[in-house]
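Chain nomenclature is as follows: A, B and C, assigned in order of appearance, with residue numbering initiated at 1 for each chain independently.
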Amino acid sequence: MRKDRAAYLFLLPWLVGILFTVGPFVVSLYLAFTDYNLLTPPHWSGLANVREMIGDVHLHQSLKVTFIYTLVSVPLSLGAALAVAMVLHRGVRGLAVYRSIYYLPSLLGSSVAIVMLWRYLFGYQGVVNQFLGRLGIQGPGWTSDPHFALSTLILLHVWTFGAPMVIFLAGLKQIPAMYYEAAAMDGASGWRQFRSVTLPLLSPIIFFNLVQSMIASFQTFTQGYVMSGGTGGPAESTLFSNLYLYQKGFGELDMGYASSLAWLLLIIIAGFTAVNFLAARYWVFYEN
Amino acid sequence: MTLTLSRLVAARREKLPRRVRWLRHLGLTAVGALMMYPLIWLVSSSLKSSNTVFTDEGLWPHAWAPGNYPRGWTSLPESFDVYLINSLIIVTLSIAGNLMSCSLAAYAFARLRFTGRRLFFALMLGTMMLPGHVLTIPRYVLFDKLGWLNTYYPLLVPHFLATNGFYIFLMVQFMRSLPTELDDAARIDGCGPFRTFWKVIMPLCLPAFATTAIFTFIAVWNEFFEPLLYLTDPQLYTVPLALRQFMDSEGQSQWGEMFAMSFVSLAPVIGFFIAGQKYLVKGIATTGLR
Amino acid sequence: MNTVDRRGALKLAGLAGLAATLPACGRGFGGGGDQKGDAVELNMVWWGDAARAEKTQKALDLFHTANPGIRVRTEYQDSSPYKDKLVTRFAAGDPPDLMAMRTDSLREYANRGALLDLAQQGGKLDLSGLTDSARGLGVVGRQNFGVPSGLNAIGFVVDKALTDKFGVQIPDGDTWSWEDLATFAKQVTTASGGKVYGTNFEVWTIANLIVWTRQHGEDFYTADGKLGITAATMTGWLAMVQKMRADKAFPPAGFIDPNGGASAAQSYIAKKAIASQIIPTNNFLTFDKVCGGQLQLLRIPGETQGARRGQSIDTPALWSVAAKSKHPAETLTLLNFLVNDVAGAKAAGTTRGVPASRPVATAITPGLETDDQRASAYLAELQNEKLPPSYSYPIGASKLTNILKSISTEVEFGRKTPAAGAAEFVDAGQKALSA
């Protein structure tokens, strides 16, 4: 097959790379069925880890946190990203400046300095509460109160909508002008153009952002880690699954159980991604 | 055609009344202020002394400590430019590797039909789904066996082997949104898949490439854990490792210096974004479509 | 196609060219590793910041001069990434020779055969300058897996600038009771009009709770590595804090971010939001500096009222040697230097606590800054007194902080009563130590 050979040539770096990836994957799958404390060799424990997961209240809490976070923050941040991208795309004077400024939070990452900033803003005596205090409201400790900590993290995630926004903007620029011209000739404008031209032609990019954000969101780690000092606190209210897994593996030296958790997470993410791909048949429009 | 489009855009812009445009700018600027806040705060903090940075709460420092900058630059085992250069080397090579390897793979997935395509694609997505912590030890052992510890290879080679599915998937989606007539036309002109990739698809995917380059820059520039594990010689440290050396969360920390160098280390990222963002808009709309 | 295309291709080719040439530069690509062939190279790792690194390096320079045949390659990080890298290196069979070890992780490594038994090393390591309680910090049964890198204790600091301002008398620090603390703290809060809270200390920090437990006649960790605290004692601890919180002696729920960082500059006492707190004594100098130089160092309350003394001598970190070290003899030479060399100890200072060896501590004290001398004197007095023995942290001990943090937060917000929280902690703690 000549066609196959060409394709495999294109895929060559990836095919070599997958060998690098598959080895550690297989090892972690094996470890998922062992008792492994990192310091002495692992020993086979069969389904003991799976049985432990069923009764593990911390795991259940962590899944709850992760699901809430994903189901709320993904739509919010993608919605904000798309809305702002549309506004900017329509041709605003100073587009480049706005785009850079909106992207800024995504550039900052979760460095130590930025975490300090969050404390400064959202602490009990922080800037936000000082402002509320002027209105006569005593705000809570936004990161230290278990009722509010997760919401604060979601807000901070939405604040980094610049990253998907940049991808949307790039996608919008990719839409051939001839479609808009045709639509304009048909007398379509504004909302109609958005519905019948922009949305379908942008759908592969929307789909990408959706799938990608969900995969990333289910694996959220850094945000929770830096904000709670690795504890998932206050009172486990920000205990993301990936953070719990890290605590088990590196904190409590129970890497066997951590590996089981990782594969559980993989199965969950794969399930959601599969649903996304199935649903895509009905709304994502490809050229070919 | 480009001309028609710009006229079209111009026409659309004119349609909005002046007041609406003003309101829009007002809204955009208000949101922008929220986005700018951290940067301003960072600059302000970098100019306060380590002892007062958390107690002097205003944005305008009571006592200025510009000395944080020279001190931060020199008080680590290596001068700070060493870390900046190390990070720049790693970032540059990572971008090159990602662009080459991921665009090749993406082209195969997006535009070619071959045996095992669906399976490989699913595998590619699957590699994005396993939390990295459980891969740490096996990868460390692997790189140790290869004799790559304390070198940049563990940080670089994976980028040349398209191991990050995110970028492949991104490019696949961009390539799939290009009209298929392009390939047909190229084939009729006698182009094989390689020429089609190089001459037709690549130029049209410039926004996707720019996006990949920018995202890679940020991800690699900010990456902490991998360099932490694989590098032991302080001479090889990257910027995030260096920044973390200013502090000990259980003891004392050189906060002022840390904030100052954090700000310094943001400059390349911001610069790269500003330089790279003009390619974000070089899509089909501006290069034209025959 | 047009110019954009060609320029793009050129740029890509340029990048590829760069990729090909840069590795030739050597650094970071396996080249340029010019090792001195004859010297034995040791790898020594610890956690800390750049200031500690500078002092440590000065001590090591002295060591290098005295031992030209040994080169020490050091590496340090902030404590939490340090821990992750350390365990990864052990798991991969690539451990450092000499390392800083947390007291609560010691047995996790030692009981699994990862560390060298220092008791078996005969004359290479001289620990005769250490008191029994100091030496005991690294002892597990008959074996010894760590030497304290320095000694500290916990102490109560009060900001005299604030108490003077509000006209509140600081109780006698050697004999005050927990009730005295509550009364004092309430006075401060009231006198300040609620702007400053009288006290706050970390309810979830095990070292604090250990003192309380010992004062109540129990061992937090027993000699056979079990959890010794009873639910009643635990309830007392949580209830006392809740009572103070209700009296506004302690800040309200959510005021303190339990993960806000424990460093002096970030502390609430530095922000003048509270007037007193518990700190490790080796940080006294830093705290006093950020608070404006008016801190008083008091003992923990309740030392003269309880069933027995609660305070103990601790260490910020132990030095341990990997069982798999390829150069155990040289590593012990280095460790011996760190413990016993006066010039080295002088250079290293007291960032890791007062030198564990008493002769060394006595020799360097006159040269210390005043605040370090105060902390040293505090510790020396404790060392001269008869304190009940304490036992090394059992396997699983490192989990307890997180468990307690979670439970104490629930109590703080009134989601659980102190009694329910205490019962849950004792139950979860016992499980964590037996698993």
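Just so we're on the same page, a contact is a pair of C-beta atoms (placed from the backbone, for glycine too) under 8 Å apart; a residue touches a chain by one contact, two chains touch by 3 or more.
Keep in mind that this is a model prediction, so the values were computed, not measured.
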Per Cα centroids, the chain farthest from subunit B: C
Chain pair with the higher count of C-beta pairs in contact (A-B, A-C): A-B
Centre-to-centre distance between subunit C and subunit A (centres being mean Cα positions), rounded to whole Å: 35
Whole-Å separation of chain centres (CA-atom averages), subunit A against subunit B: 16
Where subunit B touches two or more other chains, by residue: 54, 100, 137, 160, 244, 247, 249, 255, 282
Sequence positions of subunit A contacting 2 or more other chains: 38, 229, 250, 255
Set of subunit C residues in contact with two or more other chains: 80, 84, 91, 261, 266, 271
Touching residues (chain side subunit C, partner subunit B) in the complex: 1-2, 4-5, 8-9, 12, 15-16, 18-19, 22, 27-30, 43, 47-54, 57, 73, 75-81, 84-85, 88-89, 91-94, 261-266, 270-272, 283, 286, 289-290, 316, 351
In the complex with subunit A, residue positions of subunit B that touch it: 1-2, 4-5, 8-9, 12-13, 24-25, 28, 31-32, 34-36, 38-39, 41-42, 45, 54, 57, 100-101, 104-105, 107-108, 111-115, 117, 120, 123-131, 133-135, 137-139, 142, 157-158, 160-163, 166, 168-170, 173-174, 176-180, 192-194, 197, 204, 207-208, 210-211, 214-215, 218, 222, 240, 243-244, 247, 249, 255, 258-259, 262, 266, 269-270, 273-274, 277-278, 280-286, 289
Residue ranges of subunit A touching subunit C (in the complex, touch as defined): 37-40, 119, 123-125, 140-141, 143-147, 227-231, 233-236, 247, 250-253, 255
Contacting residues of subunit C [partner subunit A, same complex]: 80, 83-84, 87, 90-91, 108-109, 112-114, 251, 253-261, 266, 271, 273, 396, 398-399, 402, 405-406, 409-410, 413, 415
Contacting residues of subunit A [partner subunit B, same complex]: 1, 3-4, 6-8, 10-14, 16-18, 20-21, 23-25, 27-28, 31, 38, 84, 87-88, 90-93, 96, 98-114, 116-117, 120, 159, 162-163, 166-167, 169-171, 173-178, 180-181, 184, 201, 204-205, 207-208, 211-212, 215, 219, 221, 229, 242, 245-246, 249-250, 255, 258-259, 261-263, 265-266, 269-270, 273, 286-288
